[in-house]
Every structure is written in structure tokens, then in C-alpha cells.
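Chain naming follows the written order as A, B, C and D, and within any one chain the residues start at number 1.
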Amino acid sequence: MKNIKIGLIGLGRIGLIHFNNLKYQIPYAEVVMVADPRHKEQFKGVVVGTAEELINHPEIDAVVICSPTNTHADYIDLCAAARKDIFCEKPHDLSLERVITTLETVKKAGVKLMLGFNRRFDANFKKIHELVNLRKIGEPTILKITSRDPGPPPLSYLKSSGGLFMDMSIHDFDMARFIMGKEVEKVYATAAVFTSDEVAEAGDVDTAVINLTFMDGSMAVIDNSRKASYGYDQRLEIFGSNGMAQADNNKHDSHLLVDQEGSHGALPLDFFMDRYEASYRLEMMAFIEALLKGEGLPVDGHDGLEAMLIAIAAKVSVDEKRPVLLKEIRNTIRIKAL
Amino acid sequence: MKNIKIGLIGLGRIGLIHFNNLKYQIPYAEVVMVADPRHKEQFKGVVVGTAEELINHPEIDAVVICSPTNTHADYIDLCAAARKDIFCEKPHDLSLERVITTLETVKKAGVKLMLGFNRRFDANFKKIHELVNLRKIGEPTILKITSRDPGPPPLSYLKSSGGLFMDMSIHDFDMARFIMGKEVEKVYATAAVFTSDEVAEAGDVDTAVINLTFMDGSMAVIDNSRKASYGYDQRLEIFGSNGMAQADNNKHDSHLLVDQEGSHGALPLDFFMDRYEASYRLEMMAFIEALLKGEGLPVDGHDGLEAMLIAIAAKVSVDEKRPVLLKEIRNTIRIKAL
Amino acid sequence: MKNIKIGLIGLGRIGLIHFNNLKYQIPYAEVVMVADPRHKEQFKGVVVGTAEELINHPEIDAVVICSPTNTHADYIDLCAAARKDIFCEKPHDLSLERVITTLETVKKAGVKLMLGFNRRFDANFKKIHELVNLRKIGEPTILKITSRDPGPPPLSYLKSSGGLFMDMSIHDFDMARFIMGKEVEKVYATAAVFTSDEVAEAGDVDTAVINLTFMDGSMAVIDNSRKASYGYDQRLEIFGSNGMAQADNNKHDSHLLVDQEGSHGALPLDFFMDRYEASYRLEMMAFIEALLKGEGLPVDGHDGLEAMLIAIAAKVSVDEKRPVLLKEIRNTIRIKAL
Amino acid sequence: MKNIKIGLIGLGRIGLIHFNNLKYQIPYAEVVMVADPRHKEQFKGVVVGTAEELINHPEIDAVVICSPTNTHADYIDLCAAARKDIFCEKPHDLSLERVITTLETVKKAGVKLMLGFNRRFDANFKKIHELVNLRKIGEPTILKITSRDPGPPPLSYLKSSGGLFMDMSIHDFDMARFIMGKEVEKVYATAAVFTSDEVAEAGDVDTAVINLTFMDGSMAVIDNSRKASYGYDQRLEIFGSNGMAQADNNKHDSHLLVDQEGSHGALPLDFFMDRYEASYRLEMMAFIEALLKGEGLPVDGHDGLEAMLIAIAAKVSVDEKRPVLLKEIRNTIRIKAL
């Protein structure tokens, strides 16, 4: 097998994770060039260029986009024009219209686009997905996702994040579709600010409960908080006609101390860098393997779009204090051949 | 201390539990008379009479009402007239108007009325209540209650049950108020029939997700199913500014078998008779003790009314596909001095 | 079915448990007379007599012996003479010779003798026994029993207890035989005093690890402590050719509090009165049922003897710092037709 | 800080783990040369040489020895002569005499020698060690280690392994010393062959229970099996005057499936390559850091010797069916200035 030659744009927190995985952990991947204004000429032995040089580099097969959100859509368009396959970190773009146009562009160009919903590759959630697919719980009827961050991001981040639903819950919306294997019909959300004045200042919320109703009447409930004092909390439970499956949170270790106060166990892993370390690697491996084998991608632009529609519906639901049908959101935009 | 002399009406499933607890397990309680059309003259050494004889028996201090729901309100009125304290199984009555009149009657008569929300006395939920009160999780913001029965009741029961929200979820509505220590402002519910045609035939639902929004913006989510294939499922989780507390389900035993397929543990306890065996005893003890000490009851008529209002709002929410404010329900009825 | 008429000797802690179970919880059992010097004429509506009156009471079918250990053997002999079936609390007697003679007497008289190894009726251990019998773990090769008390008994008790192995570990020796379904060949024990000077003063030990080697080379390890600071600890694990089974300890409740320090769960149940409440009831039910059906007893005098032989071997092992064969102990006594 | 320049001998299973960690994961380490007869000239961009060339390479600071056991001692001697610090995989050597001479040589040469007891760096066991050191359980009195492999190695391996105690249990002997923080006085072991004829053919055992008595009378019990049908099992529990601490096994994921049969969780991780992946990395990091800072090593030659003495005592105990004092083993050898 020949290697997949990669160009990687953006060496921030997530970009570095992907870089290290591509360079040291994934066979058949080779990082040919990186682009990041913070680095010149060389980064860990890899040539540094501009994003445009990188996208148009003749040896590069695929581009991994980890730059700020507001650049994603433009780079996708450039990649499509250069006939490069694309891995793009979420969110795709904060504008639904813009997302639609990139999807059209990508489709016309015949290039592949994978969205960075890495949690699908987490051992726990992958196992639940597998159990559901094997019909171990029968027909799924109630899904419950708990997704809580250890602390709110800084005000600067909040202001450009697109808000809780678009920035944080969007992972859970994708997870809901992934695990249930069904499409969402209706969204109802309640939300509040409980953690910090900065969140209110950014016009955002930090605590939310979101109900999804699927086409067949089955239901999902997602609860989000920007601040779980005890750390990162990522769990889910799915209930069906023949049983239930749960994925518990991951902890630092498995110790249990029992003393006169009771039993005491470890804290959860701190944040996504620890919790999803393996899932980032497996996600990128899946991308590389799909390219190598010429197969379909495990998460694509359509998945990104659907999660985004749910996020928008949740926002409308909170603003208008009512359940919102996904087709209301769809109707507001020109969705062509997707 | 002198004994509390009890008359007990109704020796069905729950009535028998209360009878055995009062007779064999609770000091200072004495069952003087029982009333049940299925028994004549004597039941386990206790005199059998009619409900009216029992309520007006001069030696009886308090009446425990476990007869069919449609008799509750009338017996409460008779007890009030006879100046007897009352323990009444839930639901109080299916008519909100009728519930209100009994509460007024009881208040005027100056007798005590305790509602059978036994789950408040369950070791797990009591502990969570205690942790919340001790501010161990800080300010509570998200409550999640899972409450699933092992199988739907027969059609005959369903038809006169008042529906899922009034019959089953009502325990969870009380639990939500008990644990959060706050009052509900708004209810949104989605529901479906997934388990049996009989449920649909009875005009009822068997699966529901109910969102409660409290006065301060905090939230609760209740998920109910009439049929958990694996048995009775009673759990909750409460999240707050400083932590989280969970109450797990109770199992037959603590075994873990580990073989080539993985690890395997016990099933949950079968149904409420097993799971809440101790809570029924502790509930009745609390009733007897409150009477002995002349203290306030741990669950009273007001608690019954509030849970009922939430149940009605949930029904309206499903019917009208919208969030319903509790005050909408309150406004539909004449609520006087309660 | 006619009732089994019971006489009960000794209304101490354990005697009371058996009394309440026989009187209120077990159908087909009827307590006709009790004997206890602390009570005169009547106890909870039951006639009080002397032990001798009770044993020779013509209506009594079976005698439950809960008096001090040093009276057990004499009462067993009297019961045998009076042709009464016997339930005797452990230990049977501290003298091996005396145990042997009662077993011979009982055998000759053709009466039944059940020993109070109540833990066999605990839901957890019964389940493990069942899993082993169903060959769920294949052939058992390593058994590990943890058995720790919450605190040492008073000096007065220690002095007449027969020592840690005979008083406390004896339950674990019975459990080892029960779960493994094999006989012990060899015992090696190490022990120490770690908890209190009183234990040393009584010439006893409070902490021990006891190795049992079974006839087929399989092994058991028992660890005992008189003082687990966190409460009563009763667990086991059995490993075999096809898997492993564990029974965890029982806790006050199932709560889990998660805060910035980690997760925190409940303490174990305080002591045997709480932990084995149900097993005492089920044990006595099994005794009554075996008598009613004329069937063999689930735990008999032979089981008592075997556990005692192991206890003696453990003591010799500690004293002589060497492994001790059970047949060495057997050879020291005249064991006839048992 | 300047890099530590490493030569690595032996690229088998463990050698590769160390190689990848040193090359890709550990800052300040640089692999300058490797030696392995299976590779010529270059291995993943690193020069290949002979062991002798490598040990005497002027740029190399430290040598990591992962070659077959029977070469360890000779390479250690050569490293000492060349004044290179040493990381040596366990076992050090199968001959106690030879181990002693290398320790003397190393000491005289003033070089550092770290033994590969990687489990000390496992998150679970490290946490238990920390809790014990913080006196969270008071004074430790009973330690229980469970250590079971998923399946016996091939006959060829067994024959040159040194036997169960020297090959497998030796990790547990080190763990016992590490966790208890005390020295062993006496060993008693029972063992058997339960898994395969090959084990017997190799003159080895596959199942063992080993009791350690420490100088202060506290106790440890280790149970080993070469074949746990359910996978790799690595747990421990330590009991002390003020509490207990447990480290549970690590599993593939945290899922729980609950169906009509009960609850079902994941299998443990397959074997040491998965379970101890992080501990190998952290172990090597600790080695590099100690060299960089000129500090003492976390596990040294003395630790290797003590574990070996326990292994030998266990073997003698099984052969002679008696407890064996460690000083008996010490007395059989010339132990000088160690």
C-alpha cells in the first residue's frame, strides 16, 4: 500500500493531536507539510508552508483542517478546487448557508469530506453503537446523553464559539444520531446561565437540557453543563424494547479507598484531551484507511449538517420557548441536492 | 407512649403490606379493625368491619386508606368528619376538583392527611435528599430520574388508572419536588406507545420523557417506561454547582460472574413490592411517629396536590405538543386557601 | 400441612432474631415455649419454661438452641433423648470430643441436627454456590474469602469464645466447604494481634490469613480481622478453569456522590444483624421446611464437625508454625461411625 | 537539558515497546543505536550494531537491555566496565549467585541499574502506593494480590523461564514490597498444575497461592494462575488499621448491557501489552528523568534481588511443603556489601 500524504493546517490544541497521531502512530500516513502562522520553515522535521501552498501541493492527497472555525469553509472550497480529500474539525462553519455551499462544492468536486466527530471512535460509545446494531437492546426508544465540561472556556472563546448548542452540544447531537440510527424530527430545549457572568455577557447559556424526538416517536435527552466541578463527564444510556446499555465515564484509575466515611474512588479524566486521546487517533486512522481503500467515510459532511440543524433548532426552541421541528429549520434554507 | 390505634381499609397488595408492617413491625401501632369486602369477621386475628364502622370506631385514632382510588376522597371526607387522622394511598383522586375539596375539608376539620409517596423513605433516595440538603453538590441544577416498570398492568387497570402520568409518573413528580426542594414552573412531555396494543386501546401511553423547569430555571428530566425487559428500574442523578449525586438501582444480589463473554451481574429487584419493602415500613413508621409526637407529616395533602398538577400539565403538554405552565393548570380550578 | 411446633432456648441477640422470624415471618412454624432466665411466665405472648420443661414438652417437635455455647451439647443430648429435632447455633461445643459424642447420640436417636451456619442462606453466597454448581466457572481452583468484623468483642466474650478460628473463622471454614464442594486436606495459618491489648490478654489473635488446601490440590485463602474500621466486610471470590465469580459486600445504600475529591459511596452494613437479617430468616425457613417435608437438612452436624476440625488445625498451624493435615487432627480423636 | 543518549539491546516484544517509547514519546531521550540479530544496519531510522559496539559506543549514556534473560548479566557486566547506566528487563538472571556478582560489579563501577518492574508505574497501583504512604488506611496489615495471565506461554518459553515464581510471581513479590513498604520474613506457597500437560512437562506449576509474612507480622497473599479464561487479571487490595484500598482490573470499555439475563460488562484488557502500555512509558520516563537529574532510581538492583529471594523461597516452600524464612535463602549465598 502506498502512503497517504497529508497536509495539516492549524497546530493548535487539536491540530497538534492530529499531527502527532499522523506522524508517529498511524501507518500509511505521512505528513508532508503543515501550515500555521506560529511556525516557520520546519515543525518537528516537517516543512511549513502557507495554507494555499499546502492545499495546492502536488504531492498532498488529503488536507486536515484544524485552523479557526471561520477559515474552515474557505479552505474546504480551496481543497475541493484542488481535488484534495478533506478532514475538517467541527464546527464546519457557523453559517448554515455557508455549510450548504461547501457541501455542494465538495460534492461537485467529487472529493471526500470527513467531519471531526471523534467521539464516535471512543471505545465506550463505539461499543454501545455496536450493541444497538446487534439489536442487543431491541428497538431503542429512550436515549440519555450526559455531556459536561469541567469548566467554561474564556469569554473570548465563548464570543466566537457559536454558542453552547453549536460548540458543545453538537457532539451530542451527532452522538444521538449515531447511537439511535434514526433521524430527529423535533427539538425542545431549556437552558440557563448558572456558572459565570462571562457566559451571560457572551449572550450564551452554560446549562441545558435538550429533548430530541425522532421520526418514529423515540426520544433522546441530552443534558449539558459547561462546568462539572468534578471534571469531564461523558456518559450515555440507551433503553430499548429488550434491554438497556450504558457507557460510564472514564476515570484516572480504578482505585477504591474504603474508610470510616465510606468508599472513595478516582476523579474522571480531566478533559477531552485525556478522555478522547485514543478516539482522536482512531478517528484519523479511520480517515486514512477509508482513503486507502477508497471506501466511504464513517462521518461525512451530511452528518455535520444534520447535527448543525439540531443545534439551530435547539437555539430557536430556547428563544421561542417551544418545540421546534427540524423541517422548520430546513425550510429556512435552500437545500438542494444534498 | 400510648399506642396509635389504626383502622385499615382495603387489603389488596399495598393494603397487605401496610397491615403486616402495622401489625408486626411497628412499635406503638395497633390495628384495631380492618375493612375489606373479601374478608369476614376476622383477618389474622383482627376484627373485620365496614369502612363506615371502622372510620367511626371510637377507639381508632387514624385510618389507613388502601381501597380503590375512586373511594379515597369519600373516605377522607368521612375521616375528617369523624376527626380521624388519615394515611391515604396515592393517587388521592383522579379529579383535581375533588382533591381540592378534600384538602379543604381536611384542613377545616384539623385532621392530618399523609399521602403514600413511599419512595421518599427509600434508603437511596433519602440519602440523596440528605446530601442535597447538606449542600454536598452545591446548588442543584439538573435532576434526572429514571423510573421504569417491569411490565404494563392489565388493560382493566390501565383504564381506571388515570393514565401514565397520574398513575406512575406521579411518584417521580413527587420525587423531583422532594429532591430539588423547589417548585415546578413549567412542564414539557413527549410520550408514545411502544409496548402493547392494550395501552393504546386504553387511550394511554407507555413511554414518556418529561421535562420540568423549576422556578429558578433549574431543570429535571424524567424518563418512564411501563416495560423494562430487565426488571424494575429506579434510579436518579442530581447535578449541582459543586458536584453530582447518583442513586443506583437495587439488585437481587451483588454477584459478578466473569467469563469469556465479559462480566455478568444480577438483575434488579422485580418490582415495587421487593424494591420498596423497607420504604413502606419506614413510611408507615414515620406516620405513626408523627402522630405520636404531634408533629407535622413528612408528606401531606399539599404534596399530593402539587404532584397531581404536574401530572395534569404533562398530559396537556403531550396533547397540545407544547410546554405548559403549572399556573395554567392552577388557573383552571378554584384553589382557595391551600 | 400441620405446623412445626418449636421450643426456643435462649433469647440473646441471635435467639431474638430466630424468635421473631419463627413467630412473625415463617408460615407453618409456631413457637410453643421459650426458655430464658431473663424472662418469666410470658415473652411476647409465648409461655416461658425451663429448658428441661421445654425439651420434654409433649407438643414440641423441634428445639432451637441459642443459649451459651457451654450448654449446647447438654441440650442436644437432652433433645436426642426426648426425640426432638434440633437447630443449634454455632459453635456446637468447644471440645471436639464432646461434639463427637453428641453427633453419635443424635445419630443413634435418629433425630435431626442443623447447625447455624446462616451465611449459606445469604443471597450473595447462595448465588455463588449456585453458579459454581452450574459449572459457570468450570472447575474451581482458588477461593478467596474476606471476612472482617467491625470491632473486637469485649474481653469477657473473647475469653470464652474459643478463639478467633473457632468463633469467627469457623463461618468461613464452612463457607469454603460449601462453595468449593470439596474437603480440606491441609491448613496453614498465620496470625497476629494488631487491634487491641485485650485480644492479647485473652490469649487470642485478631488478624489472620488461613490457607486451605483441598484434596484435589485446589486452594482457599481466608483473611480475617476483628476490626475493619469501615464496618462489616463479607466478600468472596472463586476462580476456576472457565471463569471467576465474586460476591461483593452489602452497603447501606447505593448512592454515589461525585465532587472535586472524587466519587464517594456508602459504608457497608454495620454488622451481622443487618447484613445477615434475611439469611437468618431463610435459614430458619429451610429448617422448618426440611422438617415438614421429612427431607435432609441443608447444614448438619457433620458440617459443624468439619468446620471445627479446620479451626483446630488452624490453631495448631499458628502455634507450630507449619502446615497441618486435617487427618492429624482426626487422628487425635476417636471418630467412630460418623 | 541535554538529551540522554540510549542504546537498546533486543527488539522483541518488550524491546519494541521501550524502543517506541524512547523514540516517539519521551522528551530528552534519543535512541542512538540498537542491537538485535534480526535487524541489519537500520531499524526505523536508527543505526544497528552489535551489543558490544553499542555498549562501548562513546556517545551512549545508558543501555536498555531487553535481550534474552541468559544474556542480561553479561551485558550488565560489560555496561559496568564501560561506565554506562543500565535499564535491565526482569528477570535479572536465573542464578542468584550471578545476580549478586552483577550487583557488586555495578556498585563498584558506580553505574546505575534499574530493574524493569513496570507495574510500579501503573496508575492503579501507583495510586494505592500513594494512599498507603499518605496513611489513608493506617498501618497496613493484610495485602492481597491477584495476578492471573490469560494463558500459559509455550513449552519452549516455560522451560527457560525459571518457573512460575521467578517468571510471573516475581512481579507480585516486587509489588508486595512496594505497596507494603516492608520487608518479607517468611514465605509459604502451595501450587498445582491445573491448566495444561505442557506445564507439568516443563516441571513447572501454573496455579499458586503464596503467603508472605512481613517482619512486623503483617501478611500478604498472592494468587497466581497462568490461565484466566476471561483475560488478564491484575488487582490488589490492602487492608490496614484505618481502612482498605483496592485497585480493580482494567477493562476494554465501561459499557454495561442490562437485559433479561442480568447486567453484562466488558472483558478485561487482553494482556500486559495493553494493560501496562502506559506503565512501560512512565517507567522509561522515570529512568530518563532520574539520569537527567542525577537522582536515585525508583527500582534498583536491590529490589530485583529481594524479589528473587522471595521467588526462591516460594519454590523451596512448595518443594518442602513448609514455610521458608528468607534468611534461609540468604544464608545459602555469599551476600557481601549489598
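Methods note: a residue touches a chain if its C-beta (ideal position, glycine included) is under 8 Å from a C-beta of that chain, and two chains touch if they have at least 3 such contacts.
The model shown is predicted, which means the values in this text are computed figures rather than measured ones.
Q: Quick check on the contact graph: shortest path length from chain A to chain D, in steps?
A: Steps on the shortest route: 1.
Q: Greatest Cα-centroid separation from chain B: which chain?
A: In terms of C-alpha centroids, the chain at the greatest distance from chain B is D.
Q: I'd like the Å distance between the centres of chain C and chain D, where a centre is the mean of that chain's Cα atoms.
A: Taking the mean C-alpha position of each chain, the two centres sit 42 Å apart.
Q: Where the centres are mean C-alpha positions, what is the separation of chain A from chain C, in Å?
A: 58
Q: Can you list the chain A residues in contact with two or more other chains?
A: If we look for residues of chain A contacting two or more partner chains, we find 229-230, 242-244, 258-260, 266.
Q: Just say which it is for the chain contacts: an open line, a closed ring, a star, complete, or other.
A: complete
Q: Which stretch or stretches of chain B touch chain D in the complex?
A: Residues 229-230, 251, 258-268 of chain B touch chain D in their complex.
Q: Please give the residue numbers of chain B that touch chain C in the complex, ascending.
A: 24, 123-124, 126-128, 131, 136-137, 242-250, 252-260, 266
Q: Enumerate the contact residues on chain C facing chain D in the complex.
A: Touch list, chain C to chain D: 138-139, 141-142, 144, 146, 148, 186, 188, 190, 192, 194-195, 207, 209, 211, 213, 217-219, 221, 223, 225, 227-230, 233, 237, 239, 241-244, 321-323.
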